[in-house]
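In the part that follows, the structures are each spelled out as C-alpha cells.
Next come two complexes built around subunit A: one with subunit B, the other with subunit C.
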Partner chain A sequence: MDLIAKGLTYKPEDEFHLNDVSFGMQKGELYTILGRTLSGKTTLLKTIAGLITPEGGRMLFNDQDLGQVPVWERNIAMVYQQFINYPHLTVFDNIAFPLRQRKLDDGIIRGRVMDSLESVGLTGFEGRKIQALSGGQQQRVALARSLAKQAGILLLDEPLVNLDYKLREQLREEFRNIFSDKVSSNSILIYSSTDPLEAMQLGGDIIILDEGRVLQQGPAHEIFENPANTRVAEISNDPAMNLLSGAIDGSKIVIGDDIKLAVPAHFKSLTPSAYTFGIRASDVSLHQKGLPFKVELAEISGSETFLHVQSGRHTIVGLLDMVQNFDAGDVVNLKLDATRLYAFGQDGALVSSPFAGDF
Partner chain B sequence: MARIDLRGIAHSYDPDATDPIYALEKCDLTWRDGGRYAVLGPSGCGKTTMLNIMSGIVTPSEGRLTFDDMDVTEIKTAERNIAQVFQFPVIYNTMTVGQNLGFPLVCRDAPKEVMVKKVNEVAETLGLEGLLDRRAKSLTADQKQLISLGRGLVRDDVAAILMDEPLTVIDPDLKFRLRRKLKEINEFYKSTLIYVTHDQNEAMTFAEDIVVMDRGQVVQIGKPKELFERPRTTFVGYFIGAPAMNMFEARVTGKNVVAVGDVEFATETDLSKTSTDNIKLGIRSEFIELAAKKTKNAIQVDIQRVDDFGNFQLVSAQTGHNAIKVKVKREVAVPGKQAWLKFPKSRCCVYADEALL
Partner chain C sequence: MLNLYTFLKYGFICIWSMFVVAPFLWALSTSFKDFQSVTSGATYIPWLQFEPTLEGWRVLWKTPASGGVDIVEPYFNSIIVTCSASLISILLGTLAAYALSRFTFKAGFIKNNDITFFFISQRIMPPVVLSIPFFIMLGYLGLLDSLVGLIMVYIVLLMPIAVWIMVDFFNKVPREIDETALIDGCNPYQAFFKVVLPNSIPGMIVAGMFCLIFGWTDFFFAFILTFTEVQLLPVRIVALNSSITPWWSLSASALISVAPLIVVAFIVERFLSKGNLSGALK
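Now for the complex of A and B:
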C-alpha cells in the first residue's frame, strides 16, 4: 500500500466530520470517494492535502508519516469544483505555471506540458489564449496543469459538479480515459462524487463515506453487487435502492399486508425471521400480473422513466426503460423481481445478495 | 394567470450594428395559461434572454409581448405581475416565514385578514404551515426556495412564475421533493410555470412541454417523449438523452433507404424529394439491437469497450470512422471483438441539413 490512513478523526465542533477513517490506496489506481453532501468527502481530501490537521489517526505515504510533512512539501495536486485558469496566459503558460514556480528546467517543463496536453486531447492548442477555448477545453487545461505537476497524489473534489449537464457527461468519459492512461500510472487518483453512476463509470475502487465514516471499500462492481449494508445500498444507487421491511415466513416473503413474494433460491438458507429487503429500481417492472401500486409521480430523464409509486405504507421507485407517460393517481401493476432481492439483517448488514448468495 | 404570447420577438444586445448578432432570433411562441414549461439549452443559447424579455428586465429589440392580448412590451418589471424564482433563494433573513410570504401583499396594502388567509393557504400548500413563526434564516435551502416561490403564489394577479435554474443549490435528495411540490402547485393553482435549465433531467421531469433552444433559436417544442424519440434537429438528438443520439453521415440510395459507407439501412422516411448532400442517419443507443450474425439493417462493428454502469452496460463500438454507442441490459453478454448492430427501421431518424425529415 502506498497511502494508508488509520483512524483519521476530525471533530471541529459537536459533529464528527471524519470518524475513525481508515483505508489503503495503491499507486496507479483510481479511488472514488462516494457520499452524499456533507458526508465528509471534502474534509477527507483536505486532510490528505494537509489543509486540515486531524485530531486523531495518521497517514503513511510511501512509508513516510504525512503528518510530519508540511503542506508545500506533500507533492499533492488538488482540483477543485471550480476549475481555475489564468485568463491572460496561453494554454502552455497556464500549464507551465506551477512548474516554473518550482524552477524546473525549461526542457523538462516543455516535455511535461506537451505530455499532459496530449493526454487531455489538446495537442496543438498550446499557443491559444484561454478565452478562445470552449468551456470543456478550459476544464481540460485545468486538469492538464494538475497532471503536469506529476504529483504523487491527485485529488479531485467533485470536479464536474458545476458544469452544464451535457459537458459533464462528455468530460466524465474523457476523464475515465485520461485516468486509465499512462500519465497517471505513478499517481494515486482520488476523486470525490455524490453520483453513483459517475463512480461506476470511472471504474476503480469506491470508498463509501457517510457521516464521516467509511462504510465500505472495494471495486466498483463489488459495491454494486454486494453493498455491505442498507446505507451503502442507498448511497451507491441512483435512485436509492428500495428498502422494505418484512419477514420470511415459510415459503413466502411477506412485506406489510399487501406484498407477498416467493422466497427466491438465493435466500434458501435464510432462517424465517424479520429482514429488510432491498430491490433496485431497475428490478421493478410493469407486469400485468404484478401488484397494484398508485403512481405518485413519473420523473422522466432523457431516456428513462422513474416511476414513484405507493401501496399501503410502502413507497417504491421503479426505473423503466424509455420515456413513458403516467399521471399521478394512475394504478399500475408492478412486478418486483424476487430473484434480484437483497436481504439485510436487523442491524442493516447484508445477509444475502442475488450475486453472491449468503454472507 | 394569463396566456403569454411572443409575437415576432427578437433581441440583439447591439441592434444598431451593421450586422447585429441576435441573442434571441425572431420567434413566435405561445405559453398556455396554466401550462408547465421548461426552456432547455446549453449556456449561451438565449434561454435567459427569453426569460428576461418576459419578466421585463430586457426590452426586446423587435416584436411585441402580450399577456392575454394586452401589450406589455414597454411595461416595467414591477408592473407586469410576473413572479420570479432565481438560482439562489431571495428571502428576508430577519423576517419570519409568514412575514416573508406576506411581504408582496404588505407592499400592495392588502387588508390584514386577506393577507393572513392567503399566507396560511399558501403555507399549507407548500408544506410550510408549521414554520410560519420561524426565522427564515434557520430553514434549509429547499424550504427557502419554496418561500421564494410562495411569494409569487400569494398574489392573485400573477401572470406567470418564471424560474431560472431554481434547483441549483438544492441537495440531490431534496430535488425530488421540490419538483413534486412544483407539479402539485401547478395543478392546484393552475399557475403558468416557466422553468429555465441546462439540465435535461430537470426539464423532462418537470415540464409538460419543453422548449429546446440552440444558438438563439427555438429548435423544438415538444413533450419529453417526442424529444427523445423524434428529435427535430441533430442538435436536439445530441442534447437530449444520455448518451447522445448516434449520428452517421449518410447518402440517399433509395426511396426509403440511406447508406452509411456501403451498408444500406431501410427507414420509414420518404426520401424521394431530398436534394441535399448533407444527410445524416440518427438512432438512439437504446434502440440498437445486438445481433449474433449478419442480418438486415445491420452493420458490423468492432467492440472497443464495455462500461459497467451497474444497471446497464454501455458498449462503445467503431466502424470505419464512425463511433457507435449501444445501451444494453446488465445481463446481456456482449461479444468480445466484433458484433452486428441492427437498427430497427421504425427507430431510424433521417436528417437533411440537420433537420428531421
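Now for the complex of A and C:
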C-alpha cells in the first residue's frame, strides 16, 4: 500500500469527525469515499491534504510520515465542491500557479497548462478571466489545475455536486476518461461523494464513511452485493435499502402482523430467530397477488416512480418503472422479491446475502 | 403603471439630488460674494443678481499679517496626517483582520468576536474620554503639537474602522481559497500576499475611504492636541470665524476642504465597480 492511514482521530469539540479511521490505498487506483452529509468525508480529505491535524493516528505516503510534512510541501492536489479558483488571475495563470510555486521551467509550465486545458476541453480559454466562465467551466479550470500539478494524491471533494444535472452527467463521464488518461499509475485518486450511484458508476474501491468511522472498504460491486451492515446498506443505496424488523419462523419470514414471505433458498441455513431484513427499492414491484400497502407518497422521477407505502409500523419505498399515479391513502398490492432479501443480525451485521449466501 | 413608477422614481432622484447638490451650489455662489452681496438678501446668480469677486478665495492663501488665514500649510498638514494614518491603519488593520477572520483566539471567555468588538469599541467611546490620556501620553513623548503625534493618535482612531470592515470582508472570502493556495505550494505568508491580498483590494479601498473621511473631517483631536506649530485644516477654517462671520471665505474653504473627498469618492467608485470576488466561489 502506498498511502496508509492508521487510527486517524479528530474530535474538535464533543463530536468525532474522524473516529479511528484506517485504510490502505495503492497508486493507480480510484477510491471513492461514500457517506452522507457530515459523515466526515471533507474532514478526511483535508486531513490527507494536511489542512487538518488529527489528534490521533498517523499517515504514511511512500513510507514517509505525513505528520512531519506541512501542507505546502505535500505532493497533493485538491478540487473542492465549490468552484475554487484565483479570481485575480487568468485561466492560464490559475493552472500555472502551483507549477510556478514549484519554480518549474516556463516551457514545462506552458506545456503542462496547455495539456491540462486540452484534457478538460478548455483549449482557447487560457487568456480569459475566471469571472467570465460558467460554473462548469470554472470547475474544469480547478480540475485542470489539479491535473497539471501531477500530484501523488489527487483529492476530489464532491466536485460535481454544485453543477446542474446535465453538466454533472457529462463531466462524470469525462472524469473517467480524464483520470484514465492523465492520472497515471503514479497517483492515488480519492473522490468523495454522497451519491451511491455516482460511486458505483466511477468504479474502483469504495470506502463507506459514517459519523467519522470507516464501515466498509472494498470494490464497488462487493459493497453493492454484500453491505457489511444495515448502515452500509442504507448509505450505499439510493433510495436507502428498506430495513424491516422481523423473524424467521419455520418456513416463513414474518415481518409485523401483515407481511409474511416464504423463506428464500439463500436463507435456508439461518436459524429461526429475529433479524432485520433488507430489500432494495428496485426489488419491490406492483403485483396483483402482492401484499396490500397504503400509499403515503408517490414521487415521479423521470421515467420512474418512487412509491412510499406503509404496512403496520413499516414504511417501504418501492422504485417502480414508468410514471405511476397514486394518491395518498390508495391501497396497492406490492410484491417483495424474497430471493433478493438480505438478512442482518441483531447487531446489524450482514448474515445472509442473495449474492453470496451466508456469512 | 410602469410610467407612474418611472415618474416617481426619477422624481425622487431629482428631489434627492437637489438636497445633495444645493448646499454645494449655495456655497459656490457665496464664495464669490462680498460682505455687501451676502447681507443684501438671497441672491444666487452671479453677474445678474450680484457682482462676483475672488476676495473670499484670496483670503485663504493670504498670510495673517496681510489679513488672510493661509490654509495652504494646514491643508498639506491635513493631507500628510490623514493619508499617513489611513495607510498605516489599513496595513495593520488588514493583517489584524485576517488573523481575526482565519485563526481562533481564545483567552478565557474572550474570543475572536470579542476582540473585534474591542477594536470598534474605541470608536464608541466619546472622544472627550480619550482626549486626556492622549494629551498626557503625547506630552510624555514630547509629541504634542506635532505631525507625528497626530498621526499616532489618528492611527488609534482609524485602525478600528479598518479592522471592522476588513474582518467582515475576509469572513466573506471563502477559506477554501487560502487552503487551495496552501495545497498549491504556498506557505501561509505567500498564501496571504499572493492570493488573499490581491483579492481583498475592494475591501481595502472601502476601508481606506472610511479612514480618509474620518481622518480628514476630525476636528476634536486636531484642536486638542495642537497649538501653534502644527494646525490641521478644520481648525484653521474655524479660525476664520471672527466677530463678523466671513461667509464668503468660509464657503470657499468648505469647498476646498471637501474637494479631496469628492475626488477620492470618484476614484473609489471606479475601483469598486471593477473589483469583486465573483469567480472565487461561484
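Going forward, the second predicted complex is superposed on the first by the 331 of 359 C-alpha atoms of A that agree within 3 Å, B and C clash if a C-alpha of one lies under 4 Å from a C-alpha of the other, contacts with A are read in each partner's own complex, and residues count from 1 in each chain.
The rule is short, and it goes like this: contacts are C-beta pairs under 8 Å (C-beta built on N, C-alpha and C of every residue); 3 or more make two chains touch, one makes a residue touch a chain.
What you see is a predicted model; the values in this text were computed from it and never measured.
After overlaying the two complexes on the shared chain, residue contacts for A:G135 are found with subunit B and with subunit C alike. Legend: residue contacts after superposition of the two complexes on their common chain; A:R36 is shown touching subunit B, with no touch to subunit C.
Using the contact criterion defined above for the overlaid structures, shared-chain residue A:E299 touches subunit B, although it does not reach subunit C. Of the two partner chains, subunit C is the only one touched by A:N85; subunit B is not.
In the overlay built on the shared chain, the residue A:T194 is in contact with subunit B alone; subunit C does not reach it. Once the two complexes are laid over each other on the shared chain, residue contacts for A:N237 go to subunit B alone; subunit C is not touched. Once the two complexes are laid over each other on the shared chain, residue contacts for A:R280 go to subunit B alone; subunit C is not touched. Of the two partner chains placed around the shared chain by superposition, neither subunit B nor subunit C is touched by A:G329.
Applying the stated contact rule after C-alpha superposition, one finds that A:L51 touches subunit C and leaves subunit B untouched.
When the two complexes are laid over each other on chain A, subunit A has residues 135 in contact with both subunit B and subunit C.
Contact residues of subunit A toward subunit B in the complex are 36-37, 135, 164-167, 169, 176, 194, 196-197, 200-201, 203, 220-221, 224, 237, 280, 282, 296-297, 299-303, 306, 308, 319, 321-325, 328. Across the interface of their complex, subunit C is touched by residues 46, 49-51, 70-74, 76-78, 80, 82-88, 97-98, 101-102, 129-131, 133, 135, 138, 145, 149 of subunit A.
In the complex of the two chains, the subunit C residues touching subunit A come out as 174, 176-177, 179-187, 190, 195, 198-199, 276-282.
Taken together, the subunit B residues at the contact with subunit A in this complex read 42-43, 171-173, 176, 179-180, 183, 198-201, 204-205, 223-225, 228-229, 238-244, 284-286, 307-312, 327.
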